[in-house]
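The following pair of complexes shares a single chain, subunit A, combined with subunit B in the former and subunit C in the latter.
What follows is the complex of A and B.
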């Protein structure tokens, strides 16, 4: 059997997605080596550095507890810019609408895009709209592209992790993926799980102001979750990471829902979370900064860079055992962002 | 979840591990304990339990993942059914990626087949009610834990007079292959971590012949890490005492009589039959086949379809792995031709398979 057709798993953000990028897409379009792939491209023009990125949103359902496809499309691109350390400035929006979509639904999505853009301090400056026949898309797909500017000369890259770095997350993990799942027709989890969709650029600006050069890596663990994102960082930086299971912040409702469905919160998507890898002497300060910010109240140090070598990620379990963490293999939850 | 935290307490675990090391310190031999439940396999890996055990204790995985032991011709049958325009396949998620001879359900779905992932056979029943123009075929895979709900769905379909709900059956029972493996001199199983939820249905008495006739210690064990450590310690104690018996560590769920109501439903709908286990072969009496009275709901008997001749990948060692005779790393395909995203054998495809666990969690 060969993978000669596109499977849903190719969009999971996990290993199949990486294979598609590395084997099919990137060789044809850019040739950028894996080590240099980050959430945004960094461009220089007229002596200034700019960050440029794009992302498409195909979430099902389009309205879910804690948000909708509109604020997700704004916050997601704002966060991709923020993860390179840039200050987000401008967005463009591409809308692909399915014939039959109620205009009221479109208005609701656009209103929440407007509110999210205002909250993130970015301007939506260009856009495009297409309509496709019923069945050729699922209600609404949104593409956003964004430009940001750097107010500093720091280089925050996936390849920047160093031995001894502490790994911080700004709050509970798995909320977005489980909220989307809970909102899906036919799966009544009786939970109050809310998506964590939120812009993170202010939190990033505070971190940069507070710890500066000690901040080495920032990444938002969206599709594929914390596990897949840390594996990417370990591979890009040629380091080994070890996570401490008891330190992982997971909400009670997410833990319960994951246990029922046999899912691992480490692999569930987030839309308002970041992972920061920074020098050990700055970790306490960074944690204080996060705790003072509304997006970081439940921040925690969840592990550290334990060695320079093969890109392995380990988990020290609650009972003291050690196991490996790999990228998401297939798809854990379809169409979550 | 707070209730479960008590079974994951790190300080208690450390004490239990120390006691276990002390208890077997003077034991010169090797104890080989087999778990025959996919969820146990995953728990062992997920909590890193192997890394905590003394060298005298070795854990091996048996044929406890129902997806893994489902033969290739069953997958081929499901694939063939999925290609019929009027058929909707309803299945637990793991089955969609299990490789058949030339395809799997995930690929058929990408090519246009209707494959719905459901969380219960009752979801499939609801699909049948909602889509009378379609034939809903539920893939009846699983041991004594899932089989009663499938039997229940068939009884409900009969009560409701549904003509478009079918089960493609591959249900199996677990104690019979355990006896077959216990008798295998190559394996030398010193004790069984007996499955938790299967035992809640069949009761501890089902393992009595293993302990009494074959002399293999049995401990019905829960899935939480402290359950597992305690179960392993209880097995070690039985070996050290030389007194094999059936004990229940998971007494908060498993009753001495099991679940007679579930067993009644099973007996009403299913009859014991000889079935093939992937990689092991036919084990007499180990299957649960749909009784003739319910043949109207049996997809194999009611929906005619041509199924391709089965072909197994020649290098795949799933069979030996399912019998606990080799470890995933011993298979030449492991991590090379066989990965979770492109699995060759069922042990890699199922989220509860030994190879998938080793690939994902092994260090």
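What follows is the complex of A and C.
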């Protein structure tokens, strides 16, 4: 790696994150080649498959429009399990609290975790609680790890994209990142942008029931946004993707706030969105399924797999230009999740 | 709860930790009664049992005599799985890095995790990496979550102690906590105390193979030390325990350092120790098994279950006095693990 200290960008989910993972972390810890790095690990136990995953949450502020660090931490791990095709069942919760945190704030976060766990049908079965002195953490950091099980024998992997596959997203993009920004002190965006934080496992179950083996790839475009996530999929599957810019669902308020701040919604984090790559003959059916689901009302087909090659992603603009899309560079929005 | 802000003591593993867990966290998150709070949760999947647990590590300093935050984080979760009687198999790793952390320090920690995982025979299958700005965390915090499987049908629970059970510890107590203290800047204890951080699953497997159903309780006396952990077991099992002070294995250097600092080794954290409660007829055999194992050379019988009652723990001193033992009060040693 070219840097000798950790930069904020190493947590962006973008280029620097991937560099840190590929050069420093993965070779030491998991040894998995990049194309096998998925949202959750799939393990086999007694002839049955299990999904296992984790995420830590350091979002600032801990309460933001549409959610807080608690429901974010539950939904995030539920979603990484769902992206592997698993049914989420059990979570652990690791809390790191800063000395001086008001107990009322902790209670509010825990109430929100409880509600999110109940809504997602997962049980919190174990946990851990540490406290560090004032100034050694920032209010509260939460880790969740999760286990899910499989009700089918499909393999849904980042490496599964095929030429011709249609790319679907289940709704508007950029809401979570812009809601967190709007929640930051001093940044009054005069907007009612709400985080999209939500569990996606039921939408996934509906898709699997409806299109089965035609569902090739699922991934939640969190840090790094839709652009970075599609670039990951293109690299894992060795395919080229083309996005149609006019087809991208972006809410008016998000579009406006992004314009003011010079941000591109394609790179802004989502917490209740998934990208699905499907065989073309199943795309219409998948879109209908999404439209009928509360988490998919604004779903759209946003592009397709246009070639089998070296992992390129292109954006076709409204006026027909073709622009290459790279992973998020630098740290657009630190501590967004 | 009587406090309205989080205090360092809420992370001690002692009285305040239990208050926070019982009054604020557990009612919202897991709903398990206190007597069912064990080192790992035991789940059932396709007719087979799985153990699932997590711990977050915030130890300061991150490198200390005998170990670092990396091997600590692997061994700690391996041990919580082992205490449920499970064979540890898979870990996830959640990293929270402070901006400015030298990459060389991260590499050293990861190398140590890799070595510890290899030594314990566990695979790191998924992870997450976040970065927070300078001053919003302290170098590196690590969460590990783990899954283990069962090779037998024993139920080893904190509620399993019976009158007459003998209490065994697998070696000297207080080493980890005192090693971390010795590693702190400005605290030159002129000692060679080393952390006891080590995986205990093989010792547990040997015990299970050797004494089977006569093994009633296992727990690793981490935060809060042997005293707090025995108090937890006494409360979970509704029994009274009596410890024999002269039987407690304490290294000379630890005894000396504790005397200088006014600490009681009974309350100092361990990271390579277990307490085992066994039927009296199996205690001698268990002690032999421990003595033959590298992790048990200084094992000793340190007390017994003396009554079925209200969760009292007594310490019989060298001169025959009987002193009641309570959980760790306040925060003896912050950020010890």
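We take it that the second predicted complex is superposed on the first by the 335 of 337 C-alpha atoms of A that agree within 3 Å, B and C clash if a C-alpha of one lies under 4 Å from a C-alpha of the other, contacts with A are read in each partner's own complex, and residues count from 1 in each chain.
In the analysis below, a residue touches a chain if its C-beta (ideal position, glycine included) is under 8 Å from a C-beta of that chain, and two chains touch if they have at least 3 such contacts.
For clarity, every value in this text was computed on a predicted model and none was experimentally measured.
By the touch criterion stated above, A:29 is placed in contact with subunit C alone, subunit B being left untouched.
Of the two partner chains, subunit B is the only one that A:319 touches; subunit C does not reach it. In the superposed pair of complexes, A:246 makes contact with subunit B only, with no contact to subunit C.
Within the superposed three-chain model, A:124 lies in touch with subunit C and out of touch with subunit B [touch as defined at top].
Legend: residue contacts after superposition of the two complexes on their common chain; A:19 is shown touching subunit B, with no touch to subunit C.
Within the superposed three-chain model, A:68 lies out of touch with both subunit B and subunit C [touch as defined at top]. After overlaying the two complexes on the shared chain, residue contacts for A:6 are found with subunit B and with subunit C alike.
After overlaying the two complexes on the shared chain, residue contacts for A:262 are found with subunit B alone; subunit C is out of touch.
Legend: residue contacts after superposition of the two complexes on their common chain; A:196 is shown touching neither subunit B nor subunit C. In the superposition on chain A, subunit A positions 1, 3, 5-9 are in contact with subunit B in one complex as well as with subunit C in the other. Put simply, subunit C touches subunit A in their complex at residues 1, 3-11, 17, 20-21, 24-25, 28-30, 40-41, 43, 45-48, 50, 52-58, 60, 89-90, 92-104, 106-107, 110-111, 113-114, 117, 123-133, 135-138, 141, 143, 145, 147, 149, 334-335. Subunit A contributes residues 1, 3, 5-9, 15-16, 19, 186-187, 246, 252, 255-256, 259, 261-262, 312, 314-326, 329-330 to its touches with subunit B in the complex.
Against subunit A, in their complex, subunit B makes its touches with residues 1-2, 4, 8-10, 13-14, 17, 45-52, 97, 99, 102-104, 106-107, 110-111, 119, 123, 225-226, 229, 339-342, 351, 356, 359-363.
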